[in-house]
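Structures given as structure tokens follow.
Here come two complexes built around subunit A, the first alongside subunit B, the second alongside subunit C.
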Partner chain A sequence: MTGQLIAVAFFGLAAIGFGAGVFLTRSMVRSALALLAAMAALGGLFLALEAEFLGVLQLMMMGTEMTLMAIFMVMFMMDPGGLGQMEMTHQKRTARAAGRSGAWPRPGWRSGPGGGGGPALHQRPSCRIAPWGWRSWSA
Partner chain B sequence: MRSSASPRSTSRRGSSTDERNARHGRSRGADAVDGLWLALALLAGVYLVAVIEEWSATGRVRPAVPLLAGLATLGRESLVPRRSDRILFEAAAPLLLGAALLAAAVLPLAPGLIVADLATGALFINAALVYVVVALVMAGWGPDAAYAMVGGWRFLGQLVAYGMLIVMPLTAVAMRAASLSTTAIVASQAALPNALAQPLGFVLFWLAALAVCFLPPFDLPTAPGELAGGVFGEYTGARLATMRLARLALILTLAAAIAVFYLGGWLGPVLPPWAWTAAKTLAVAAALLGLGRFVPRLRGEQLLAWGWQFGIPLALVNIFWVGVTLLLV
Partner chain C sequence: MTPLLAALLVGAALFGIGLYGALSQTNLVMIMMGVELMLGGAMVNLVAFWRHLHPEVYAGQMFVLIVMTVMALEAAVGFGVAIARFRAKGSVEMEEAAELRG
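On to the complex of A and B.
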């Protein structure tokens, strides 16, 4: 049991770490392979949770997919190796505003049906699902 | 060698190692002995494959050559190219070795003599072999060298050609065994080996195995005489030794896979089971290394066209054929 717990924690942390690595590198190949490593760690997590078929399937499918994705990222990005110091992020002001709008505490949150923990995600004003899709930032 | 001890039931699924041992009355000591035998078998197998490779290239059997060549390679300086992607460059060879060893872990040498008898063994071997491609793409991108990169991306294209031809013949094999467990697959061939029961799948899997090991005529990533070494071109010294060792382990694994999935694994008269597996594996390895040398190298687009226009339809025909024979016979 303890061994299983350690394995789950290890693969979980590895998945998070490699997942962060995807965004911390400028090299497209490193980024794609970091995503592959995160997905493979999730496969290991499934195996540690004794979901053998899911784990093996995850390891098999992600290996092919992420490696194929790497070559498409290299093809379509202007600085695939990350050596040209090119800026890869975009729309920073909008992204910041969106992040703040999502994180800003709003009146009425505490009185939601969930009690103290705040309303569920779909009840947040900023993430309400409208029939035509996401109606965000406006409410 | 334990030849006939603990013939394992084929219906067991997903039980833990401890339960398994308790059921078969085996101790940790017996497991340790098994592990020792498996490690020795792996080392001996890799060495013999190296001797066979030498024979297939020069026509002479010189048992000392792999050892001497290995020592000589280890003694040389191991260079790191300028502006290389150090992480990918360093990780490629261990990953290739790891993928080959993980794939070998689910192949039984004799009844009960297996590293991990997974219920999903035939699927797991696919999963492990996928990381061969990842390793070669890393080895291609890592050193910041044009020829290596061409070799690495070529192998990715080669994967698109051969990938389905690994999975689909194995589907038919699993259909006959009604299980993905590799021991069950061997047991299902007691009456007739799969090479005779489903010859089409055998040929397709054989070709795909050649492509996984990037042996001629599918040696696009290294392409001797054309790519200046290809993915291996920038590796020297200890790193090259690791890379070559991994390649030999990969060839051994694929030969063992063909023996297990199509030639009846440990089944055979007179000799002990492990000797049958060893003999079949080495014979397949010799054929893998020897036969392809008489065929010219295929170009990438030819490989893709043949893989998808002929290979996949034939693999579907094979699955259909196996299904019909299973229903009628």
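On to the complex of A and C.
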């Protein structure tokens, strides 16, 4: 379990780092290569989670797809090398807020067995367990 | 911290980064990269839940295969739109594609 946790953390941090690098660099070719590395790290993460078929499939498919994407970048971009220092972004504040709200766990996310404070999710009054076994929350 | 929690945090972070990229970039290919990252985050969640909740049921892996197919289709359709746009207007900047607004 510990080895798997270390492998998941390693490949996960690599995927997050390269994924952030996609939008941090000005060179579009570097962006495509960073995305390729992020997808390869995801393949490693799948292998660490013992999904061998999906891991190898991810490595093969995304390797091809991101290489294609790099070629299209060079074909279509006005400044693929990022040497012209062009501004290629807009509505940054909205995007940053949306990204943060998409990634950040909501308050009470650790509630439940083994988690932090508060009752377990299935014990909350707002939680209903449907006859077919799925839980649903009204709040 | 369990591997499930670590994988879910990775998936959430990838989704957030992809959402930021899809909303903030002006180039069509960069927007596609953001969408790819968001789908990658969804795939991490699917694989983690499959592995740690129901590893004996392979429906979870089938979901991941469907998402992978969606990623490939998104790339194919996106590149098709990019080629058409580049031929018509000479640019794939979405700031200049105001006529595509609904």
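We take it that the second predicted complex is superposed on the first by the 90 of 139 C-alpha atoms of A that agree within 3 Å, B and C clash if a C-alpha of one lies under 4 Å from a C-alpha of the other, contacts with A are read in each partner's own complex, and residues count from 1 in each chain.
By our rule, contacts are C-beta pairs under 8 Å (C-beta built on N, C-alpha and C of every residue); 3 or more make two chains touch, one makes a residue touch a chain.
Every value quoted in this text rests on a predicted model; they were computed, and no experiment measured them.
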{"item": "Touched partner set for A:M60, first subunit B, second subunit C, both or neither", "value": "first"}
{"item": "First, second, both or neither for A:E52, with subunit B first and subunit C second", "value": "first"}
{"item": "Which superposed partner A:A15 touches (first subunit B, second subunit C, both, neither)", "value": "second"}
{"item": "Partner chain in contact with A:L68 - subunit B first, subunit C second, else both or neither", "value": "both"}
{"item": "Dominant toucher of subunit A (residue count), subunit B or subunit C", "value": "C"}
{"item": "First (subunit B), second (subunit C), both or neither touched by A:Q91", "value": "second"}
{"item": "Partner chain(s) touched by A:A38 [first = subunit B, second = subunit C, both, neither]", "value": "second"}
{"item": "Partner chain in contact with A:S27 - subunit B first, subunit C second, else both or neither", "value": "first"}
{"item": "Subunit A positions touched by subunit B in one structure and by subunit C in the second", "value": "50, 53, 57, 68"}
{"item": "Residue numbers on subunit C that touch subunit A, as the complex places them", "value": "1-3, 6-7, 9-10, 12-21, 23-30, 32-34, 36-37, 40, 43-44, 47-48, 50-51, 55, 61, 64-65, 68, 71-72, 75, 79, 82, 86, 91-93, 95"}
{"item": "Touching residues on subunit A, where the partner in the complex is subunit C", "value": "1, 4-5, 8-9, 12-13, 15-16, 19-20, 22-23, 28, 31-32, 35, 38-39, 42, 45-46, 48-51, 53-54, 57-58, 61-62, 65, 68-69, 72-73, 75-78, 88-92, 94-96, 98-105"}
{"item": "Subunit A partner contacts - residues on subunit B that touch it in the complex", "value": "14, 83, 85, 87-88, 118-120, 123-124, 126-128, 130-131, 133-134, 137-138, 141, 144, 153, 156, 159-160, 163"}
{"item": "Residues of subunit A defined as touching subunit B within the complex", "value": "27, 29-30, 33, 36, 43, 50, 52-53, 56-57, 59-60, 63-64, 67-68, 70-71, 81, 83"}
